[in-house]
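Have a look at these structures, which come just after this line.
Same chain, two partners: subunit A is paired with subunit B first, then with subunit C.
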Partner chain A sequence: MKRTQSWIAKISAVVVAVFGLAMTTANAVEPVKAEFPVLVTSFGQAPDGNTITVLAKRIGAQLTYDTLATPEKVKEFKTVIVSIGVSLKGFGAAGVNLDTEIARAADILKVAKDDNIKVIGFHIGGEGRRDQMSDKIIETYAGDFDTLVVYKDGNQDGIFTKIAQEKNIPFIELEKLPQVSEVLKQILK
Partner chain B sequence: MKLKWQSVAFTVTAALMCSVTSADAWVFKRYDQYPQRNAAVSQNGMVTATSPLATAAGIEIMKKGGNAFDAAVATALMLNATDPSMCGPMGAAFFTLFPAKEGKVVALDAGTMTPLGMTPDLYKTDGKEDRSKMLEGPLSWTIGGALAGYIAVLEKYGTMTFAQVSEPAIYYLENGFPMSQHDAEAWKNGFPDVPLLFPNLARVFAKDATWQEAGTVIKNPELAQTYRTVAKEGIDAFYKGSIAKEMVRYVQEQGGYWTMDDLAAYKVQWKEPLKMTFKDLDVYGVPPPASSMTWMQMLKMAEKVDWSKFQLHSAEYVNMMTEIERLAHADSYGWGGDPMFSKSTGDLTLTDKYIASQLERIVPGKAAPGKVQPGDPYKVNGVTTGEYTPPAPLPYKEVKLALRERFPEYPGQTTHINVIDKDGNAVSFTHTLGTYFGGHDLLGNTGVIANNAANWDDLEISHWTEAPSNLAMKPGARNRWTLCPGMMLKDGKVFMLVGGSGADSTQPAVFQAIMNRLQWNMNPQDAVSAPRHLYGDMRHYTAGTKLQVEPEIRDTNDVAQKLVDMGYDLVPASQTYRVGTPGYALMIWVDPETNTRFGGAETRINGHVSVY
Partner chain C sequence: MKIKPTSLLACVVSGLLVLTAVLSYNNFTRQWKDDLIIPSKHVTTVKWLSDYLPWLKGTRGDSRVFIIDSGVPGGTFGLLGGTHPDEQAGWMAAIILVEKLQLKSGKMVIIPHANNSAMTHSFPQEATPQFIHIPTDDGAVRVFRGGSRGTNPVDYWPDPEVFSHYQTGQKLSGEEVRNLNRNYPGRPDGQFTERVAHAIFKVLIDEGVDINLDLHEAWPEYPFVNAVGADQRASDIASLAALDLRMEGVEIGVEAVPKKFRGLSYRELSEYSNAMGLLAETPNASQGRIRGITDETLVIKGQDEFYVTATQLGRTFAKFDEHGWPLSKRVARHIALINALARTYTETYPEKPIEFENMPTYDELVDTPVGHFLNSPAAVAGN
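Let's look at the complex of A and B:
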């Protein structure tokens, strides 16, 4: 077993060296592959969902972006990508607050579980999206995703790593932001 | 009926009470309640801008023997280099210029022009308006005139070559400049995801698609090379030659509609300035599609009001100022388009007859409900026939902006420069890319940032008037900008240079700063730093009763409650900050008695004054 792990580490090092990809996985669970159609929504109204949608389009994947998607809308899709992170003024612009966002998130996750819809969480806003309110959403729901993709800058305290390990969730940590596109290719191909 | 008589009585009384200025009127009063820095003072050259490196560049040029026009261009090029999110050679620029020997003010329009292939139907999804493509990316990019404007100023009034005035900027483009805390935070908070979405921009400004921290040294040697090419080959290199080819190649590769013909067709427009009087001053601005007409109309209305009956920053004062601002602003949306392509007028909005008709619409102590509508200066001034009935406000309804525009981090931005030299030559001009980093991309390997001027067009309907828009996008037309530089003369000599930034909060900011100087005797620094109010917000389409008042005003003398009682929808205190978005202003005032220049620069952003 130890020898196998050692080989995996060596191969990973070679991959990183050759391709410059310093993404790491915190556990041995494979990230889920998205099934289409795919919805992108936000838990917290930060604009990162738009980024994901645009980057996906550039690699040829057409996703539907709805920052305020309802549980009823979620039922129309086979996969939901959730961008996690609170923007206070985003709340104001959308006319929501933390309580309503948390309630919407709970409803969406319940529908997803009942209807066997895959949910992939992205936290790509870095440290800037690790305020108290973002953390409340992370602590409450990050354990309910089928895969977590996190930019390292937002995981300096290891909160996502811990949740992923405890819940045995496939976990991808990005060293650099441009790797979001690489991950989308993996998940959406 | 009762209200109308009240308005008429008020207007007549105000007109009778209007006082004539005298030399004593310019004595500064102390305003100790607002912590300020001192106004800068000089007998020679002075530059105000939003970067210390830029003001220093302007002064350096004047010390080397250049005049105000040489210095203005050097300052602009340095801002392009060191404040790149705000302005650039492919942006828009509007100038008021005073060559002292000629003794008259001239205006220059170096605004942005829609390429012939860009039409409103490109911005519809399923038949509905989709403004997201106007905000960023190749369909937001139009043909900019800023560099053509700088060079036109230099060629007509300057004494130095482009190679000489671009030297300071090229040094910093090649050797780097350290980012300020303001810029680091503004870039990061402005559009945090832009580096990820626009890798060619990130290549220069955001390593690893991450905006950099304060103190990081930024270089843009590609823009330095572009300036060197222009210095060697002339402006044609930029609009017709090798630089143009590279820009068009990149735009087309990204899915945009520029052609070499579009670039080659671009020309700056020398214009008669918009002119009016305020008491014994001659006031000048740039005609539409610049927005000087907006604060000029505000000021002309203010001239007719008896301000001795008001206490500065009282609820009654904020009410009167706000209602004046709302009326003038509405006209800007009605009549501020490109005169070659739409029914457009600045002059007719400044006549005594029209100003009187506008003042009649104000009910002191009340907020006009809903969306205040443009008046009809053509009818009031007898250009068109028929009885004039002032339009009633429309009910306010929220406008669905482009999705990304609704996020807080969207800050429309621009930057203004005032320059005066020892001989009394002067320039007041404003230049912009639209929003932070304009259209969010570098044009190939030229180091030139694209503007997003398309975002300032309407498509068909004006969200303000809910009628076919005079500001609608048209191929070949220039879009309305909120840029509104201005200049005042007294007895044929420069008296004030003024302008600002902050999208649609600019015009009220400039107006309030002028009032602070002329009516309340603040020195220029106090005038731009004193607390302000802003109705609506800095974006388009916000013509309702929303009112943001900075804390020093809001939290004293029960002002907040009084304004609510008048009918304003006051922005909650928790969302009102001293450094919010009440526009940004810069001012130089010249004492007519001593010829001493006093300068003030915005404290809410990185405003600086340099002198020698």
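Let's look at the complex of A and C:
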């Protein structure tokens, strides 16, 4: 029995090690832990925030998803998860544009800083969310997050790695998209 | 009696004109004949849109509705192909399912040619192919119409200067009056395309469709491509399905339904019926504005040097290389999405399962010519 337990421990250690390598951290800073309640919103109206909310629900964490959250609403939460990425369909659905999104993002980040609310940025849309408009949001605000979680496909040019290193932000790069669940477990536990 | 040379010339020219007219008429009306679809033994019922709106009977708008009922209670999956027939991967994926799909639980309602009138002509002045020839494994050739985007002007003409969506008053360009995906939920006594839209809406109601997917294709330079759009109720399922697909190596985005843009299937059918609304897009070079020679080879092989250059210049949302986006790959993406949606729907609503059996995987589909997944006409001849 002890032998079996020992093997399980060894296998687990290998799995953790392999998984740890697969989810590269760009610097030694620990990712922040979310405090509840947690709000999920979007900078750019891509519906990736919904994916995060659904995955969190799968691991038993109830998050509030509001793509158009106002600064006033943000004040009701202790942590905000921001899904970064522009969707023109999303703009149409929400009746907003890049300028209004940029203004809302600035207001949210200001409130978060003033009220000591943690902000965790996720970019999980891959290369498809690296158009000019998405890049404008990334370049303007990615440096203001307390942790950055990025799917590797959207970081082929290293833009997130560079921002995280320059601003000394905890940074997690996902090899595979489904690893979002593991990161959420880590952040939300 | 001596015939004057001028009279002889007039006779010859008149004869040639008549011959040209007859040949053109025959060529044009060849597209009016429904494509051969060879349902599998799992198809339990074949209905027509006119069963849901009798006015359509005998018109080019009438279209087949294939129902695969597992006999095991569960959810109902509605599938539309051919909303825009020149987006060929949509109807091809739907036809493959009619010919191959087996269900373990639940029901599938498939309309491969949602706008059948639009199947009956090709796009004027766009030089798009009238027919697509697909060889099957036994060497036979299945012939499908290339189709157009909108209803045949023979069925509705002339277009108004401005098209007004009846329910909301939304104003669009006049030609959109013949675009099925601007006319939902339609009207039983409206103009031609509104009636087709209404018949499809009735199918969803009468067959109790829970989740409805409309299969499309888009220009490679169009931002909504390689993506699935979902109404709010379908967003969780779409997100999970997209994650599933990405695990299989199929990169796909999820987009929200544009609430203020009216008349779209996944916008209106989800509002006026119980069905969750979804719409999928794959890239089709034969539709784009910078394409080269537009023939059935472009539709099937999906290779275009101009799109390769455009991709190198960063001007496309779907990346093109020398391999292009062949029909097999586009169909594989649609079928993989359908499979993933059924899985995630069943996972989310276990009391209403929709489970497929013997569905080819994405990897099997992507590298295999689509003809492999079609039944041979010999199967019909043998019956």
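Points to keep in mind about this one:
The rule we apply is simple: the second predicted complex is superposed on the first by the 168 of 189 C-alpha atoms of A that agree within 3 Å, B and C clash if a C-alpha of one lies under 4 Å from a C-alpha of the other, contacts with A are read in each partner's own complex, and residues count from 1 in each chain.
Quick note on the criterion: a contact is a pair of C-beta atoms (placed from the backbone, for glycine too) under 8 Å apart; a residue touches a chain by one contact, two chains touch by 3 or more.
Quick caveat: nothing in here was measured; it's all calculated off a predicted structure.
Annotation: superposed three-chain arrangement on subunit A; subunit B versus subunit C shows a clash. In the superposition on chain A, contact of A:87 is made with both subunit B and subunit C. Of the two partner chains, subunit B and subunit C are each touched by A:50.
Of the two partner chains placed around the shared chain by superposition, subunit B and subunit C are both touched by A:176.
In the superposed model, A:128 lies in contact with both subunit B and subunit C. In the superposed three-chain arrangement, subunit C is struck by just one stretch of subunit B from 7-15, 43-51 or 385-393, namely 43-51. Overlaid on A, the two complexes show subunit B and subunit C touching the same residues of subunit A, namely 47-48, 50-51, 54-55, 67, 87-90, 92-94, 125-126, 128, 153, 176-178. By the touch criterion stated above, subunit A contacts subunit C in their complex at residues 45-48, 50-51, 54-55, 67, 87-90, 92-95, 125-129, 131, 153, 176-178.
Taken together, the subunit B residues at the contact with subunit A in this complex read 188, 192-193, 195-197, 199, 208-210, 403-404, 406-409, 575. Within the complex formed with subunit A, the residues of subunit C that make contact are 223-224, 226-227, 229-230, 235-236, 239-240, 242-243, 246-247, 251, 253-261, 317.
Only residues 47-48, 50-51, 54-55, 65, 67, 87-90, 92-94, 124-126, 128, 153, 176-178, 180 of subunit A touch subunit B when the two sit together in their complex.
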